[in-house]
Every structure is written in structure tokens, then in C-alpha cells.
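Shown below is the structure under consideration.
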Amino acid sequence: MRSQTRTALLFASPWFIGFSLFLAYPVVASLYYSMCDYSVLRPPVWVGMHNFRNLMKDEVFWISLKNTAIYAGMALPLGMATAIALALLLNTKVRGMTIYRTIFFLPSLVPTIPLAVLWLWVFNGEHGILNEVLRRVGLPAPNWLSDTAWSKPALALMALWGAGNAMVIYLAGLQDVPTEMYEAAELDGAGWWARTRNVTLPFLSPVILFNGIMGIIGTLQVFAEPYVMFPGGSPARSTYFYTMYLFDNAFIYHKMGYACAMGWIMFLIILVLTLVALRVSEKHVHYQGG
Amino acid sequence: MARSTDQRRQRHQWLVHLVLLVLSAAFLFPLVWLVSTALKPIEETMRQPPTIIPSSFQWHNFRDAFVYGSDKLGYIPFLVYGRNTLLLCILGVAGVVVSNSLVAYAFARLKWPGRDILFAATLATMMIPFPVLMVPIYGFWRSLGWIGTFKPLWVPAWFGNAFSIFLLRQFFRTIPFELSEAARIDGCSEWGIFRQVVLPLAKPALAVVALFHFMYTWRDFLGPLIYLMDQRTFTLSLGLQFYQSQHGGTQWHLLMAASTIVVAPVIVLFFFTQRQFIQGIAVTGIKG
Amino acid sequence: MGHNHGAMARSLLTPLAVVVLVLAAWYSEMVVRVPEPPGPVVVTYWEKWTSFEGDAMRAVVDAFNRKQNKVFVKLLTISGIENKTLMAVAGGNPPDVAGLYGPNVAQYADDRAVLPLDDFCAEYGISAAQYIPCYWDIGVYRGRVYSLPTTPASTALHYNRTMLREAGLDPDRPPRTIEELDAYADKIFQRGDRGRIVRAGFMPAEPGWWNWGWGCIFGGKLWDGKTKITANAPENVRAFEWIQSYSRKYGATDLQTFRSGFGNFSSPQNAFLSSQVAMELQGVWMHNFITMYAPGLDWGASPFPHPSDRPDLANSTFVDEDVLVIPRGARHPKEAFAFIAFVQSQEGMELLCMGQRKHSPLVKVSDRFWKTHPNPYVRLFADLAYSPNAIAPPKLPLWPEYGAELNNAFDQIALLKKSPKEALDAVQERMQPKLDDYIRVARLRGDEP
């Protein structure tokens, strides 16, 4: 047994180093910096809880948090529903599935910069393709990019194109659903929807939970697209998200301490949300074999 | 009875195809537009409203994107960027596969004190936002004098990461323990069991980890942005922004042509590996 | 046999992989290493410019490299230069010279990210008297020189003579006061079918680069230079009321829709170049874009109007410049300054400013420069730079944040979400504590006040 422990520690040793250097140390260090005035270039000056107190009073902090929450509230359910729907569609046995799967995964492979430019043109209020279509079918065509009420929904819609990543994981989860269950359900005369509801989704629920938590982490940290498309979170800070404010504080305003404090608050928020998600899901997630 | 089910199934198939085709059009749109802009003359790239099919196909845009800036720098940046990205991919992917398989083996198939606590901590770290870590890690590389080198971008891969450890651990646990026991009775060392019993069976999972890391490195923008200083060392994703300029005059057509070249290999890679990719994730059972 | 073969191949595979990896690691180190060639000292110089602006700087660098053989300047184009330079200084691996933006100087000097240049300037005989005052001043922070200019820019009202004529206005008599500007704007303004705006005389939000600064046009100050933020000074509120009057008379949503139809700044669909907006505040560079995208445009430039009750504010202009700095930790500061000094010489500066088609920041300008300069209004821009009402962004380390606040306030009042007073009070309330904090920490650090 002793020798196994030694062997095990040897096997795990890369992670001891990786964990302490790239996770434990920076986490502790950033907690320290969050209580300092620190610009990277000059030695940190201890200010205690000052950064956290200032954050509580900081209107922009709250705006960015609210924007992020609203965005996540739209993008997360929408994105999950889309990814699940796509995975269900792609799990049917029709020809050419390899090609379809690749196509749906494609947008998540395109680099951010060209993609963001494309969205600027798609969502353009005057000449955008989306509004062209909306006008044709007689729906209102809002100023997606310059109207404070529509800029966040525009971003949530854009995020749908990146559903490919989650879709792949759902697809993988669907491979595990035993075919006998389907056949049994079909013999019982259950239709497609009933089968999906009663067989597929319960089996998929652990994967849904996994993707849900990953989705919370991802949507709360939304950064690249709005940063490229909406400089400064325009119009009127309606697209100014948490990570953008954090980034601006760190690299534009040179307030690393303040940024670290924001990072820590985000960490706590994600932690709480994850625990809530785990608790809520307890009743709804079905693990195979208990 | 059987025939009508067949017919229904056929009709059903057509319906699925129709839906898939419509959705495909929507999902293909960014790529089509990317390629179409890559083929436009520069004046046309800024036209409002934009055209989908270029008025004339400028195939030389691809060549121009390749040599853009080479007259000023004395070398062809695009090939240099590609070489750098490949180097990082090779070093990183190898590191991820080697380190995570070792660590995951310790977590999945060996017993040692503190194992489960460390594993829980490992999972929890997946929730730490990157910006929290960014500043101290940067300081760490600086103290080693490694800013401006490739090392901050591939060395960490050799020390494991939470996501890959999680994935591989789940997979290693599905391999019957009796196999290990039998080998142990035959006098096989733990290293031997790892090499000869577990690793050969874990190929699909290792492929997934490798692929994920390959795609991550290929697309990574923030890492190269903060660690690389000299143009000679830039990667493809970082190099793309050179076609943009702040005072206007962005070379849209070249930017898109370059993006197309960057995306193409990854698309091909995914196309040929997607079955294994999906199967690989499936058997690892993220489901716990 | 085949089995044996496979086993042998497999046993060879691992060493082979190790060799490949070692080679890759070694190669990746070789790529990074920049060999120091024997001979001249190599000065690395990061600059943000591309296209013709970059070519102009390259010509200056080439001229310097040809002229002497002790220093060789290696010019690299870097995007996002201000962040990149900061990170390079923090990483201990900065270039020898960096081309930043003027408004960065205070922040970088305050962070000790750039070296003071006073001693070098004295050595090379470079002094304030040789420069147009406002352009020298941009590089000075707390009494020390931290940067020297590359190319400067001042702004003026650009107007479309054809559009003025079509509205029955005299194209040779551009508006001189804000009130005249408003009257002109109303005359030019046109709506098309369904009430959509098709043409505007003037829009404060276009091009939107000085949204923070309209208060200064009305005589406002943004801070007292020491400890007080003055965002909600009466002059600033008055300016914002003027801006909001445009949203009120033309409709905030209608203006928004109109604006969303404009193309990129650098394109023929630019609002001014495509004759959608007749009058715009623009800088000396605008001429380049006119020749590039709308060569037929009949245009003129004149000092931006002032409020009629404040004739003392005539010739207000926003001044800005690109600058050269030596980052802290640079390996060859002396050689770097030799290059900077060359750029500051009349020869180097005129080569650069002619190449970028701007005016020179130096007092002494050759006849040839004036005679051959393509911009017909270049003298106007140079003269405006001498104006006592030349406005530069405040030299406040907090400026990036303060500027973002003002831009946001501008958005809010232009969209009629807040009254000008409310919006500016909010900026004031937000920025004053930040300045107080900054001063407090500076004292803790022992910086001179």
C-alpha cells in the first residue's frame, strides 16, 4: 500500500506542480492584489477592503453585472435549447449526417474578428440582412446595434451560432441512450415528442447539467464579441459586460487590484450559481445505475 | 401495416432533411460570407448593403494575404505564423496527452490519501474565471524571464489541466479493474500496466483530449496577445489582426482570405475525426 | 514476422516522438532568439501605423539608418500598441522606442512605464521654444518631458460646399458661431419618404471622436489641474444642452436610424464623403480620405464655430499628436534617443509630416513644405494649433476612465435618457472620489503631489 501511494504521487506529480503554480498560487496572489492598489508596473500598495467597498458603490459595476445577468438570462436558455434541438436532429439516422454535423460545428471554428464584422453587417439597422428579412415578412425591424433595448438580444442571437460546441457534447450523450428503450417506447405507441420527453431527455439530463454549468461560466464571462463589436459597451453602456469592465480596469485603467477584486466577486457568483444548479437538479437529473 | 410505417418513416426522413437543410444554410452563412469576402476586390468589401456573390472573383487575394507585409519585414509572416502555431500545437498537444494521462491514471486507478479531496478541488478550479489568474501568472512568467518566448504558451500543458484530467479519469474508470489485477499478478509494474493495459484501451479518449487542445491552441488569441512581443513569434490567430488598422484602411479582403486559410485545416480535421470525437466524449461519460 | 515488425516499429515510436519533441522545443527557442548582429546597435521601434502612414515613418527610419552607421532602427508594426507596450514593460522585455498616442503619456509617465527625456533633450539641444506650444506641452507631465511628437493634428469644421449651395447658403461663408451653425444645419436638413432623414447639416454625434470635449468648445474645463473634477461646470452643461437640442429637434430615434446607414469611416460610404452630412468637425487627416474616396467632393475647412456670446472662444480646436517614448527597461535608451532626435529635426519631421500629409509640430517650417503640401488648408490647421483655445485631453492618469464616462454621458443625453445636468452630475459624482483615491495612494507612495 505504501509503495502504491508513492507510485500514485509520482503519477500525479505533474498536477501537483500545475495545480500549485497555475491555480493555487495565482488564486491566492489575486486575493492579495484585490486588497491593493496595484498597476503591475509599480509595487502594490495595501488598501485593505477599499476596492471591495468601492465596487459596492460603483454604478458601472452594477450596470455591467445587470447587463451580464440579462444577457445570460437570454443566451443561456436559448443556447441550450438550440444545442439540444440540433443534437436531437443530428442523432436521427438520415444520410449525410457527417456533413451536417460538420456544418453545424463550423461557426464555432471561425475566428472572432471576422465573425464579429459579419454580425455588424447582418444586424445593421438600415441595410442589414436580418432586417431585410423581417421587413419582408412584415415584422418590426429594430435598430439592433444602436437601440439600447435591442443590443443585448442581438448578442444573444449571435451566440446561437456558437452552439456547435455544446451540441457535440449532447450528441455524445445521446450515443449512450439504450436503443431498447426507444423500441419499447415505440411499441407502446409513443410519438416522437413523447419519446423525447420520457426517454431521451431524462437520459440526457446529466449532460444537460454539465453543459448548463459550463454555459453559466461561459455566458457570465462573455467578452470577445461585444468587445470587438460595441466599443465601450455602446449604446449608452447597454452592452457593457462584466468581463469588459474587468478588462478595462486591468489593462486600460491600469487598476489591477480593482480588477482582481472583480474577478473574485465573479468567482463567488459562479460558485453560488453552480451550487444552486446542482441543488435544483438533484430532483431532475437521472444518473444511469443510480 | 409495415408498409405504412415505412412510408411514414420515409416522409419523416424527408422532413428531417428539409429542416437540416434550412438550418445548414443559416449555419453555413458565416463561412460563405467569409469566403465570398475573401474573393472580393477591396472596394466591394465595404459596400452597403454587402453583396453575397463577388462581382469578380479575385483569387489572388489568397496569394496577397500570404505575402502581405513580407516586403517590409523581409520574410513571409503568414508562413512564419503558421510555423509558430504548429510548433505550439505539437509541444502543447504532446504535453497535454502525456501529463493528463499520467495524472488521470493516479486519480482513476490508484488509491492514495487525499485523492478525492484534490479531485474535488480540481473540479472546482474549472469555475475560476481566467481574469482572476491572469495577472499573477503573468508576473510568474516575468520572474522567469519568459515573456516574449513560446514557453508560457506550451510549458503549462505539461502539468495537466482540470478539464482533461476529468475527461480521462472518467474514461480510465470504465476499463475493467480485473485487467490491471491480472497484469499485477503477472508481475507487471504500475508503469507497465499504465503503458500496456490502460493506454492502448484509452486511445479514443486521448484523441479527444489531443483534439480539444489542438483546436484551443489553434484559436487561442489572448495567450499569444499577452505573451508574444515580436512579430517573428506571432501565431496565426494573432497575425490576423495585422490586416486591420486603426486609422481605417483595413484590408478586409485580405483579412478574410487569411481567416479562410486559417480555418480550413481545422474544418478538415474536424470533418475526418468527428465520429471519433463524439464517440470519445460519449464513452468517457461526462454523466458522472 | 509481421507481428515482430509492428512491435519494432512501436518500440521505435517512443524515442522518435521524444526526438521530434526535443527538436520542436529547441527550434521554438531558436525562433524566439533575436540574434544581435555585430556592427551597429539595433534599436527596436514599435509603431502603430500601417498603409501610407506607416510608409511615411519607414522613409524616416530608412533615412536615419542611411545617415549614420552606429545605430540601426528596426521598425515593427504593432496593433493595440498602448496595451502591448504596457505588457512588454511589465514583462521586462520592451522595445527601445514606442509610438504611443499623446493622451497615453500622463498615464504611462505616472506608472513609471516610460523614461523622462529631459537630460537627453538638453544634450541634443531640443527645447520647448522649437515647438508649437500645445504640441510640446502634450509630452510634459509634472514638469518633466516624457515624449516628443511625431505627427500632430488639429481640427476644424469641414463643410461640403455643394450641399451648402443646394440649401441656398453661401459656400464661401461657412458658419462662424454655434447659432449660425444650427441655422445652417436646419436649412440643409431633409427628410425623405416615411419621414426618414436623408440629409443632415450637422450632427454632434458625427464622427463621435470628441464627444467628451464639447464642453471645452463652450469654454468649460474638465478639471482644475490639481484636485477637482469639474465635469458639471455650467459651460459643460450648456454644451450638453446644445447637443441634446439636436436629438429633440430631429428625433433621437430618427437620428439613430440615419446614422446606422452610414458606412465605415474609411470608405466611400462615410457620412461626410457620401454627402449625407454637410458639416463635420474633422482633423487635418480628413483631406487624405477625401482624396482617397471622394476626390470630386467640393469642400472647405474653417475654424469651428464658437458660441456667439463668447467671442473669446473663437478658433477653438482639438489638438492631439502621436508621440515617441522610451519605455522603462529599454536596452538601448541612448541610441533610441539618437533616433528620436533625428525625427525631431526639421529634415526628419517634414519628411514624416509630408508623408502623412499633416502639418509640422515645429515652429520652423521650410517654404518647400508649405508649397508642396497637398492639403489646401494645411496653413489653417497649423495656425489653429497656435490658438489660445487649443484643447488637448487633460493630463490626468485617470483620463481613460474619465473619457469613457463622458462618452457614456454623451450617449445618454443624445438618446434622451437623461438630462444634461443629471448626466454630468453623475460623471462628477463618479470621478471625484476616484481622483481623491488616486491622490491618496500617490501620497502613500510618496509621489510628489
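So that you can tell them apart, the chains are marked A, B and C in the order they are listed, and the count of residues begins at 1 in each.
Please note the rule applied: a contact is a pair of C-beta atoms (placed from the backbone, for glycine too) under 8 Å apart; a residue touches a chain by one contact, two chains touch by 3 or more.
Here the structure is a predicted model, which is why all the values come from computation and not from measurement.
K.L.:
Name the graph shape formed by the protein chains and their touching pairs; answer line, ring, star, complete or other.
P.N.:
Graph shape here is complete: every pair of chains touches.
K.L.:
So which has more C-beta pairs touching, B-C or A-C?
P.N.:
B-C is joined by more C-beta pairs in contact.
K.L.:
Whole-Å distance, chain A centre to chain B centre, using C-alpha means?
P.N.:
The computed centroid separation for chain A versus chain B comes out at 17 Å.
K.L.:
I'd like to verify one number: the distance from the centre of chain B to the centre of chain C, where each centre is the average of its C-alpha atoms, in whole angstrom.
P.N.:
So the centroids are 37 Å from each other.
K.L.:
For chain B, give me the residues that contact two or more of the other chains.
P.N.:
Touching at least two other chains: 48, 138, 241, 244.
K.L.:
Send over the residues of chain C in touch with two or more other chains.
P.N.:
Correct list: 87, 90, 261.
K.L.:
Pull out every residue in chain A that's touching 2 or more other chains.
P.N.:
40, 124, 126-127
K.L.:
For the complex, give me every residue of chain B touching chain C.
P.N.:
The contact residues of chain B facing chain C are 43, 46-48, 69, 72, 83-84, 87-88, 90-91, 94, 138, 141-142, 145, 147-150, 154, 225-227, 229-233, 241-242, 244-250.
K.L.:
Using the touch rule from the top, collect the residues of chain A that touch chain B in their complex.
P.N.:
1, 4-5, 7-9, 11-12, 14-15, 17-19, 21-23, 25-27, 29-30, 33, 40, 86, 89-90, 92, 94, 98, 100-107, 109-115, 117-118, 121, 124, 126-129, 132, 161, 164, 168-169, 171-173, 175-176, 206-207, 210, 217, 220-221, 224, 243, 246-247, 250, 256, 259-260, 262-264, 266-267, 270-271, 274, 287-288
K.L.:
If you look only at chain C, which of its residues touch chain A in the complex?
P.N.:
Against chain A, chain C makes touches at 83, 86-87, 89-90, 107, 111-113, 253, 256-257, 259-261, 328, 397-398, 400-401, 404, 407-408, 411-412, 415, 417, 426, 430, 433, 437, 441, 444-445.
K.L.:
Quick one: in the complex, what on chain C touches chain B?
P.N.:
Interface residues on chain C, with respect to chain B: 17, 20-21, 24-25, 27-29, 31-32, 34, 48-51, 53-54, 58, 76-80, 84, 87-88, 90-93, 95, 261, 263-269, 285, 289.
K.L.:
Chain A touches which residues of chain B in the complex?
P.N.:
13, 16-17, 19-20, 23-24, 27-28, 30-31, 33-34, 37, 48-50, 99, 102-103, 105-107, 110-113, 115, 118, 121-122, 124-140, 156, 158-161, 165, 190-191, 194, 215, 219, 221, 237, 240-241, 244, 252, 255-256, 259, 262-263, 266-267, 270-271, 274-275, 277-282, 285-288
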